[in-house]
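Down below are the structures I want you to see.
First subunit A sits with subunit B, and in the next complex the same chain sits with subunit C.
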Partner chain A sequence: MVKARMSDSKIWKTCVGSMVNLIEEAAFKFTPDGIKMKAMDPSHIALVDLDLPSGAFEEYSVKESKVLGINLVEMDRVLSRAKVGDELGMELDEKQNRLMINFKGASARKLSLPLINIDERDLPDPKIPFSAEIDVIAGVIQDGLKDAELVTDNVQFLVDKDSFAMKAEGDKGTSDLKLSKGDEALVKLDVNQPARAMFNINYLSDMMKGVGSSDVVKIRLGSDLPVQIDFQVSKGRLRFLLAPRIEAE
Partner chain B sequence: MGVQLGDLVTKQKVELEELQGKVVAIDAMNFLYQFLSIIRQRDGELLRDSKGRITSHLSGLFYRTSNFIEAGIRPIYVFDGKPPILKLRTVRKRKQARAAAAAEWKKALEEGRVEDARKYAQRAGRVDETVVDQSKKLLDCMGVPCVQAPGEGEAQASHMLLRGDAWAVASQDFDSLLFGAPTLLRNLAITGRRKLPGKDVFVHVSPEVIKLDEFLRSLEIKREQLVDIGILIGTDYNEGIKGIGPKKALELVKKHGSMEEILKTEIGKKFEVDPLEVRKIFLTPDTTDKYEIKWGEPDPERIKSFLCGEHDFSEERVQSGIDKLVSGAAKRNQSSIEKWFG
Partner chain C sequence: MSSVQWLRDVIPSGPLGEITKSTDIKVTGAPSGSLCLHCKGGRMLCGKISCPLIAKAQSLISVNLKINSPHIVGSAPPGVFVGRVGYPKVYIGPMIPPFKGETTVLDTPEMWLGKGIQDIVDYRYSLIRGKTLANIHDASAGGRLIDSLQELAMGKSPVDSEVHLERLPSKTLTLGSEIQPFGPSAPMKSFQTSHVSVDRKIEQAYYDRHLKAADAVLELHDDGVMVSRIQRAFSLGMFGTEKRRRLVPTRWSIIAVDSIIAGDLVDALKNHGTIDEYRVYSFKYLDNIYVAILLPQNWSFEWIEAWFPGTAWNPDKWSAGAAMMGDFEPYYGRTTYPEVGGCYFSCKLAVAEQLNKERRQASALVLREIHPGYILPIGVWNVRESVREMMRREPQKFGTFQAALECAMGKLTIPLEKWVTGSEMLRREFFQTKITEFFK
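Let's look at the complex of A and B:
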């Protein structure tokens, strides 16, 4: 049996909404401890890693682990039907090979999604020697990306002992965002070694799309290393890793 | 052409986008040959400019390569040098086959058999010096590196893989596996929506990956034995034994262990050239470490003056190809997350 219920559908909607721009299909592992999912985008530039413990749900019952192949685009469309404040239920219909999605608010509504076959490939945990930790208000990053987008396709993240910066430079001009220690939006700055790395703006924007602008995101950086971006979702976390652009090889 | 391993091989389909960031050493002669065979008018005639000069190879090279580059692939075209002496006979035979096909083609055209004409025309395609020189010039304008092999292009390409400079050899032939290439990529030149020969039916062709180690493991043989199988079936350097196909060859090699042992049997007497000499071509090929691989920016002005100015290509279509080259060049420095998988 696979059955889960959360009082606010928004949590799951945010998760799916953040992932759907990067991956179309995903194999969700429903384990007795919670839901896990790990997948790369088709170009293998980004990795999505979701860990939503059973505690994130009001009701959660999974007797034995099951892998459910889900088309995220379809699921996102179904979830777009949730009304604000709706309760969300998910239940596996093994006979029909479907996932039932129930919204409970002004009325009780049921939608169902066919499950798909996905080659389940266990992805390794990347080993990345990050040298800096930055916790920052998401809205700031979203603004920095929108600025950078005006001038080019890539943005550089720079961090040193006292500040975090996003810089972009292209034919159309430059953009520069800076957060200094003590700034309210910079919740934490812990730097072992200054670092800089360049990333594709489209990917970053897709990752930041689902998150609320006042939420805190945890960023891990290292020079010419992937960036790790963690969002807290209820009692779980949604993690993105994005490989850098490396200018000279 | 090349060694026919067809039935034995285990392949894995991939999509173009999964090849993002991968360096692919392309068997240039094989690609040009494919372009000259496939890129034809309906009656089998090659594409030509207003002066009657053949442009099928330029069309294939430009549009297909710009698709690879847009997908983030890093192509290197590896050109043949001097063929091994044992290949001369094959070269002569191919010439005869082409001449025969050209005659049939003409006849079919005269008699109005369009599909037949197309079939024979494809067999009449040839890669000559002009085709090679023009191709190198175009690739240079596109910012795509070319490597000149001292001997066989596939041998040089395989050598570049073994040195860690490329991920796969791209060719329709299987010979690179015999040259020791760890990864072979097939169907790259014909990826996409393609017409089935002789029918008005279209299919979607995806690239196929063949891993040498998996392939050898599945057959439970060593690479030297794969070479021996090739020699039994026939290669570009020897005829092969009549009546021996891939399955029979595998059986023989497994039973006897090596070519040396097979030579002691009746079959040993049937070779027209020394199989051990052929084996040497595959195991110790003529290759070089002197090559430079650098992907540059495309030069739109030179591309336009060459393709549109000299060879009457459509400005609009060439511009869309250039756009792909530019966007691909911009993506080139993107690394893959797999690089950090332990």
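Let's look at the complex of A and C:
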């Protein structure tokens, strides 16, 4: 049996909404401890890693682990039917090979999604020697990306012990965003070693799309290393890793 | 409008020359100070290796030899056209040469690869267009003319036809080398054909009033119907659900059909594994050099054109270098219309077709250099058929990207640095790391 229920459908909707631009199909592992999913985008530039413990649900019962292949685009469509404040239920219909999605609010509604076959590939947890931790309000990063997008395709993240910056430079001009220690939007700045790395703006924007602008994101950086971006979702977390662009000077 | 003396002077003497003297060719589109007026086809001021205007004029004149009345009798290849000026009220009509015989080639770009520019211009100019004004909604409303044009569009072999025009067709030569050749035309009074033997597959789609247009296109392509045939019927609004049928200007229908088929082929190839090696394909035609590099990765696609100084889209022969234009799509496709235009879809169709035959996927970078010997643009079929031909050929295979790139650059004249600036795929390959590199 696979059955899960959360009081606010928005949590799951945000998760799916953040992933759907990077991966269209995903294999979710429903384990007795919670839901896990890890996948790379088709170009192998980004990694998505979702970890939602059973505690994030009001009701959660999974007797033995099951992998459910889901088309995220379809699931995102179904979830767009949820009303604000609707309760969300998910239940596997093994006979029909479907995932039932239930919304409970003013009325009780049921939608179902066919499951798909996905080649499951075990991906490792990359051990990346980050040198800086930055916790920041998501809206600031979203604004920085929108600025940078105007001038080029890539943005640099720079961090030293006093500040965090996003810089972009292209044929059409430059953009520059800076947060200094003490700024309200900069919740945490913990730097062992200054770092800089460059990333594709489209990927970053896709990752930041689902998150609320007042939420806090945890960013981990190292020079010419992937960036790790964590969002807290209920009692779990959604993690993105994005490989850097390394341009010879 | 004016008649041009120099054109008569430069057309070779003999029967052709004789006729020109009595034929009043009208010339339009020449801005004052136009290079053409100064050059007179003799000095090659535009930088091309031969004069596109003279090529057009020669065709026009040789067709004119055969037109001496507004009553045209000939074998339609069969061909039809739908104009775009005035949309949603557009000119439509049959295309008929002033002679009988096996005329299929005149309107079948699939048969043109390997022909010279003059041949292709000749094909285009030999088709006389009888024009009638129609509303795009007439496609579903029907009517005597639409019905017979739609029947003609389904034809699978040349049809004896007769067109009564209101006057002798205009012999207009448009100056400016970027204008695609289009044959003489005149308003039409009436038109008849003998019995049209229709393509059963197209006919079936035509009578299926529940089948969506895109699905009809895909089914016909799957069934092996030529792209040009699908486009012809598509332009006359012969596919789609009952009330949604519309006439579609020929140009748009070519793009629409290429894009529908290419999109479907790409969806299909994503189900297959990637190729095992780096590959390089190449092909030359009409002073165009095509090179494709296939990478053993999931699907992504880029098409870049480099127009050399003196070619249609880079007319200043003194400009610093080739003008480059290109568009890229990642795995999940584009959300905006490609800047390069319709040829993007023609190329994508050709590449995806081959990959599907092999049941494989890859990232494909296709580069095209257009040199001044390509004296006038002759349509996107050139890209579709050239890339198809290129992809049919045996590729050179390599174990590394570097080796493949070196081979590809050896076939092109523009240096790698230039391509890198213009190519998202090359920049990704050079500068963008993969997350798998950090899995150790």
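Criterion: the second predicted complex is superposed on the first by the 248 of 249 C-alpha atoms of A that agree within 3 Å, B and C clash if a C-alpha of one lies under 4 Å from a C-alpha of the other, contacts with A are read in each partner's own complex, and residues count from 1 in each chain.
Here, a contact is a pair of C-beta atoms (placed from the backbone, for glycine too) under 8 Å apart; a residue touches a chain by one contact, two chains touch by 3 or more.
The structure presented is a predicted model; accordingly, all values stated were derived computationally and were not measured.
Putting subunit B and subunit C on the same copy of subunit A, do they fit or clash?
clash
Mind working out whether A:24 is in touch with subunit B, subunit C, both or neither, as first, second, both or neither?
After superposing on A, A:24 lies in contact with subunit C but is clear of subunit B.
Contact-wise, after the overlay, does A:58 reach subunit B, subunit C, both or neither (first, second, both, neither)?
Touch status of A:58: no partner.
Could you look at A:46 and tell me whether it touches subunit B, subunit C, both or neither (first, second, both, neither)?
A:46 sits against subunit B and subunit C alike.
A:247 in the overlay: touching subunit B, subunit C, both, or neither? Say first, second, both or neither.
Both partners.
After the superposition on A, what does A:128 contact: first (subunit B), second (subunit C), both or neither?
Both partners, subunit B and subunit C.
Can you check which stretch of subunit B gets into subunit C in the overlay, out of 22-30, 148-156, 220-228 or 274-282?
Clashing stretch: 22-30.
Between subunit B and subunit C, which residues of subunit A are contacted by each of them?
40, 42-47, 123-124, 126, 128, 153, 200, 225-226, 241-247.
Quick check: in the complex, which residue numbers of subunit A touch subunit C?
Per the touch definition, subunit A meets subunit C at residues 24, 40-47, 123-124, 126, 128, 153, 200, 225-226, 241-247.
List the residues on subunit B that touch subunit A in their complex, please.
Subunit B residues touching subunit A: 15, 17-18, 20-21, 72, 330, 333-342.
Using the touch definition up top, name the residues of subunit C that touch subunit A in the complex.
These residues of subunit C touch subunit A: 297-300, 330-332, 424, 428, 431-439.
With touch defined as at the start, can you tell me which subunit A residues reach subunit B in the complex?
Result: residues 40, 42-47, 123-128, 153, 200, 225-226, 241-247, 249 of subunit A touch subunit B.
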